[in-house]
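Both complexes shown next keep chain A, but they swap its partner, so chain B is in the first and chain C is in the second.
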Partner chain A sequence: MDIRSHVSMVFHLDKCIGCHTCTVACKNIWTDRKGTEYMYWNNVETKPGTGYPTRWEDQEQYRGGWVLDEKGGKLKLRLQGKWGTLANIFYNPYLPSIDDYFEPWTYDYQNLFTAPEGDDQPTARAVSQITGRYMDTIEAGPNWDDDLGGSPVYADNDPNLDGATEEERRQIAEIDRTVFFYLPRICNHCLNPGCVAACPAGAIYKRAEDGIVLISQDKCRAWRMCISGCPYKKTYFNWSTGKSEKCILCYPRLESGQPPACFHSCVGRIRYIGLVLYDADMIQEAAMAPSDQLVDAQRAAIQDPFDPMVIAAARRNGIPDSKIQAAQNSPVYKFVKRWGLALPLHPDFRTLPMLFYVPPLGPVTSKMENGAYETVDAGAEGLAPMLAALDKSRVSLRYMASLFSAGNEDIVREVYYKLMAVRIYMRGKTVQDVTQAEVDEALALAGLSGSEAEAIFRLTSLPTYEERFVVPPMERETAIQAQFPDIDPLTRKASTGFGFREDPARRW
Partner chain B sequence: MHTIPCIDSAQARRVLGLGAFTVVAVGLLLILLTIPTPVGAASPAQGSATEGQTIFEAKCAGCHTIGGGKLVGPDLQGVTGLRDADWLTKWITDPAALVASGDQTAVDLVGEFGTTMPTLGLSPDEVASLIAYLDTTGGPAPSGSPTASTAPAEPLPPGDAQRGRELYTGAMRFTNGGPPCLSCHTIAGIGALGGGAMGPDHTDVYSRLGDAVITFPQTGTMLPIFGPDPLTPQEQADLLAFFRTAPVAERSFEAIWVLIGLAVLGALVLIGIASLVWRNRATEPVRVRMLRGTLPSQNHTKRTEG
Partner chain C sequence: MIDTLAFVVFPYVAVALVLIVTPYRYFSDRFSYSSFSSELLQRKGLFWGSVAWHYGVILILLAHLAALLAPGAWAALISEPTRLYVLEVTGLALALATVAGMVVLIGRRLFLPRVASVTTRWDWVVLFVLLAQVALGFWVALFYRWGSDWYLHTAVPWIVSLATLNPQTQFVASLPILVQIHMLGGFVLLALFPFTRLVHMITFPVTYLWRPYQVVIWNRRRRVVP
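Coming up: the complex of A and B.
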């Protein structure tokens, strides 16, 4: 047992209102520099949709993540092995192009003041932030298909619909029945990161004490293999500095006790952050589990912070008690392990992402009826209609399973039973139009107790700031000393955080 | 479609891919065809005749005699009477510069001997010593004798042109370990690729210098290379035989056309290999293909019928 600590995250999708505040917060702090205009370390996608960059989930095109070699029983990068890296070192053929992200632009506002007098109002034309030329047609943006806008092409080409029936496809496009939800994405700070494995320069590393995945701006040599290697397309190439960059989970904020900016600013309060303890010895096993057991294997790797054996093993590895305590208070542990509500995004990529999502219930159970938006009424005819709604839902369970459980519909179904049980339980308490028998039936089906349902309700709907963000004491100095006993942590005080202490020699 | 240097649009990448190979092929071709010639440089005072003699023997005797007649360069007996010391200093210090300055004597000398004297890299003091030594040798300047008439002091053993050729190209090593001539020089008759471009072309060297050619290695450039690893008399004889027999004619330009042909062919082969190895590369952005409906996943027959 090799217990380590990991700063991990949960996004509760039912609460996301798609406001992009998180995106703007991140953009303003980290990617408003030259060369980063097109980057969105945090972005919010509309699902069904093709996302950013276009069809990032389509690994046939982008070759991200890992595949299980059936014969050898080995885990291989889908991109390439050592020899492939060598053969393609100057020419990585599977990069998304700027057209797959979008060409960033600003506006020629100056023209509004300096235009000569004329018959028409002056306008501020769009100017490319890459070429500096006017852009007459803007063909894509970071959230081009926001709220299913644009054209049906985008929703229809969601890779998660690849196995969908014609009926399911028609449903999504049908007016009045159309349905969507939001999927905010940041780097998942994976346990088995594809980006790290793909980098030929060894520039990407995962901090042992908190699991944050970072790219060394000194060591990066611009091979851009991480961009292909990450199946979530969450590393980006800065064309100005010639280095790759990615979400750093706002570690400077974490180290001063604040949650990351996107968490802090989240309007829907959908985001939770906390420490989990995991067993590093189980990573390989979890990454190589058969597809339908991937979620369970990853859950198994996350350990109970109350278990005395786990605590002892954590202490042996130099994890301070303050962190063990933080892990015990972690909302992430509750959502992921204790309640089993939060699922990893695309576990089929086998990177063991450490950002978990509570799948949205709204699009599954709500519908338009008599011109009004309704959720299925549980009270009217017992539980039957509500449970039946699961299989008749407009975003099919298969779709959700493709996103959150590598195709295992049973796992998603269990989560939905729990989410619905909590609603029925609370309805029984507040509206009181459900009988106690029905409440008990729902809880039994979900395998929840009344107090658990209460706790889930509380952490979902009424959590305080301190309950959502249990930022552990980062104790960098302890971590540095545990790893390098000879180094005085204070010598690291002035070392580079993000960016350059010296400008890179080569810069556009 | 727009491209930026970092994440080029796929099309630009394909063009770049082809471009890279063309550049490599053309570059190779240029390297093969370009024959640059290096130029040296030096600086100008006082000196002793004995020191001058040592310098003469080490650096000048390869091409000049004192009272022995013309070799590669003129007989230097009485040269201090012929030219003033100032001119001599300039000439010895940097012959090329003097020629370039349009000095009539210098230009005439080059015309007569077909080559400029190499820059010897002597210090002003050494130049002065050398002139002092030349001054002591006195006597009237001898009248010129035909180049071919002069032979090396010691008679060489009979040489074998074939062995000479092998020594020249490096197929056979020099006994004392000197580098093969080919590494710096080229000569007609050793194959289409020719040799190095550092030193002069040897094609017409025998007709220019006659038997004296084999003492040529004692110039300023050659001395540091062959001084420690001298040629044996047999090797000198073999090389001389090779110089005498092989390169009578100029190098034919057909060889160059063959080279160009080979280079083009090589480039085509490389491009072929590249397009085979990287045949899976993305040639167009995914978004563009998606909007056009040509992604593999958009093949509707693949879908389950509802």
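Coming up: the complex of A and C.
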């Protein structure tokens, strides 16, 4: 047992309103520099949809993440082996190009002031931020497919729908064209990161104490394998400095006790952050589990912070009590492990992502008949119409399973039973149009107790700032003491920090 | 006089620059210590340019180096005509690949605006010196037969004399001018090496082969975990 701590995250998708406030917060702080215009360390996608970069989930094209080699029983990067990396280093055949994102542009605003007098309004033409040339047609932008951009094309090309039936596809597009939900994405700070493994220079690393994955800008040599290695396409290549960059989980904010910017600014309050304790000895096993057991294997690696054995092992590994306490208060632990409500995005990529999602409840199957909106089971009695939301959801369970459980529909169904049971329980309490027998039936189906349902409701709907963001103490002072035992930590005060001592510019 | 300048002073200056500036840059500005990929901006042409160039030039450089370091074995290798022909034809083909690759690489930077926008003045210097050098090499190999043989009796003893601090210019002083330029071109590239993107050569990440996949850095204790 090798217990370590990890700053981990939950996004509650039922609460996401798709407003992109998180994106703007991140962009303004971290990626408003030349070369990073196209980077969205945080982005919000419309699902079903193609995402950013276009069809990032299609690993036939991008070759991200790991695959299990059935013969050898080994885990391999889907991209290539180590020799393959060195052989392909002069040209990475699977690298996305800027066109898979978009060519960043600004506008020639000056023209509005300087245009000669004429019969027409002057316009501000688009100018490429890369080449400085005029761009006549803009074909893609940062959230070009937002709310599906008024087109069926985006939903149709979602890689998760590759196996969908005609009926499933038809249901998605039934009422007023289509149904969708939002999927905000940041770096998952994976336990078995593909980006780290793919970097031949060893420039990407995971911080042992909190699990944050960072790219050393001084060690990055522009071999650009991480961009392919990450199946979530969350490392980006800065075309102006020739270095890869990615979400840093706002570690400078975490180190000063604040939640990351995108968490802090989230309007829907969908984001939770907290510490989890995990067993590093189980990483390999969890990453190599059969597809349908991936979620359970990852859950198993996350340990109970109240278990005396776990606490003892954590102490042995030098995890301070303040962190163990933070792990006990962690909302992430509750959502992921205690209640089993939050699932990893695409566990099938086998990177063990440490950002978990509570899947959204979709609208139920319905029809437009004679110009009227009809849910399928409208007339049925008891729990039936509510539970119909599961198997009759217009976004099928199969689709959700493709996103959140490597295709295992049972896991997604269990989560939905719980989400529904909480609703029915609260409806019984507040609206009181559900009988106690029905409430009990729903709770039994979900395997929840009334008090658990209550707790889930509270942490979902009424959490305070302190309940959503349990930012663990980073204990930098103990770290400094361990590195420099002879030095009084106070003498280091104000001498470490973040940022470049020099501009991140190429001077040679 | 001019011989001494060109074949003694200049090579020593070039090597001195490499020895002093290369580590200086590494320790003072590691951020810049890499090539500068343009693949994200423009994949077009890069495969045919970059792959042909790199594989061609690496093999050719290795051959130059092998003959320099083990002249005896090299002489034995080419003592049999068939082997000499095979070697020379392979060399010519590789040289052609490097020339073609470099032309493609230069063409990208000339004609594709996205790549042009990330091209510096030093990049142009490096590209044209490299093109001149490989084109000259190809020319020399084609019209001054058999290079793999006379190299052993001209450039090799000259470089050995430089390396042993007993510089002798007579091995190269009377060679045709194109051959001389090709030889000096090597030292021009050495002189350019520490100042330009050429430094990426020594950052080639071989250590990846034995490094564990995952890199974990501890704050509280020093340990690397597989």
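Please note the rule applied: the second predicted complex is superposed on the first by the 455 of 508 C-alpha atoms of A that agree within 3 Å, B and C clash if a C-alpha of one lies under 4 Å from a C-alpha of the other, contacts with A are read in each partner's own complex, and residues count from 1 in each chain.
Criterion: a contact is a pair of C-beta atoms (placed from the backbone, for glycine too) under 8 Å apart; a residue touches a chain by one contact, two chains touch by 3 or more.
A quick note: this is a predicted structure, and the numbers were derived from the prediction, not measured.
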Overlay done on chain A, so just call it for chain B and chain C: clash or fit. clash
Looking at A:54 after the superposition, I want to know if it touches chain B, chain C, both of them or none. Which is it: first, second, both, neither? first
If we overlay the two complexes on their shared chain A, which of chain B and chain C does A:478 touch? Say first, second, both or neither. second
Comparing the two partners chain B and chain C, which touches a greater set of residues in chain A: C
Which superposed partner A:93 touches (first chain B, second chain C, both, neither): both
Which holds for A:132: it touches chain B only (first), chain C only (second), both, or neither? second
If you stack the two complexes on chain A, which partner ends up touching A:162: first (chain B), second (chain C), both, or neither? first
For A:212, select first, second, both or neither according to whether it touches chain B, chain C, the two together, or no partner. neither
Kindly classify A:237 by the partners it touches after superposition: chain B alone (first), chain C alone (second), both, or neither? both
Partner chain in contact with A:434 - chain B first, chain C second, else both or neither: neither
Of the listed chain B stretches (5-13, 59-67 or 239-247), the one clashing with chain C is 5-13
By the touch definition above, which chain A residues appear in both interfaces, chain B in one complex and chain C in the other? 90-91, 93, 95-98, 130-131, 224, 227, 237, 239, 242, 508
Help me check something: in the complex, which residues belonging to chain C touch chain A? 25, 29-43, 46-47, 50-51, 53-55, 113-114, 116-118, 195-196, 200, 203-209, 211, 213-223, 225
Please output the residues of chain B touching chain A within their complex, sorted ascending. 1-10, 13, 17, 20, 277-278, 280-282, 285-288, 290-291, 295-298, 302-306
Can you check the complex and tell me which residues of chain A touch chain C? 77, 82-83, 85-86, 89-93, 95-98, 130-133, 192-193, 196-197, 199-202, 204-209, 217-224, 227, 237, 239-243, 280, 318, 475-476, 478-479, 482-483, 502, 504-508
Counting only contacts in the complex, chain A reaches chain B at residues 35, 50, 53-55, 58, 60-62, 87-88, 90-91, 93-101, 103, 128, 130-131, 140, 153, 157, 159, 162-170, 224, 227, 237-239, 242, 508
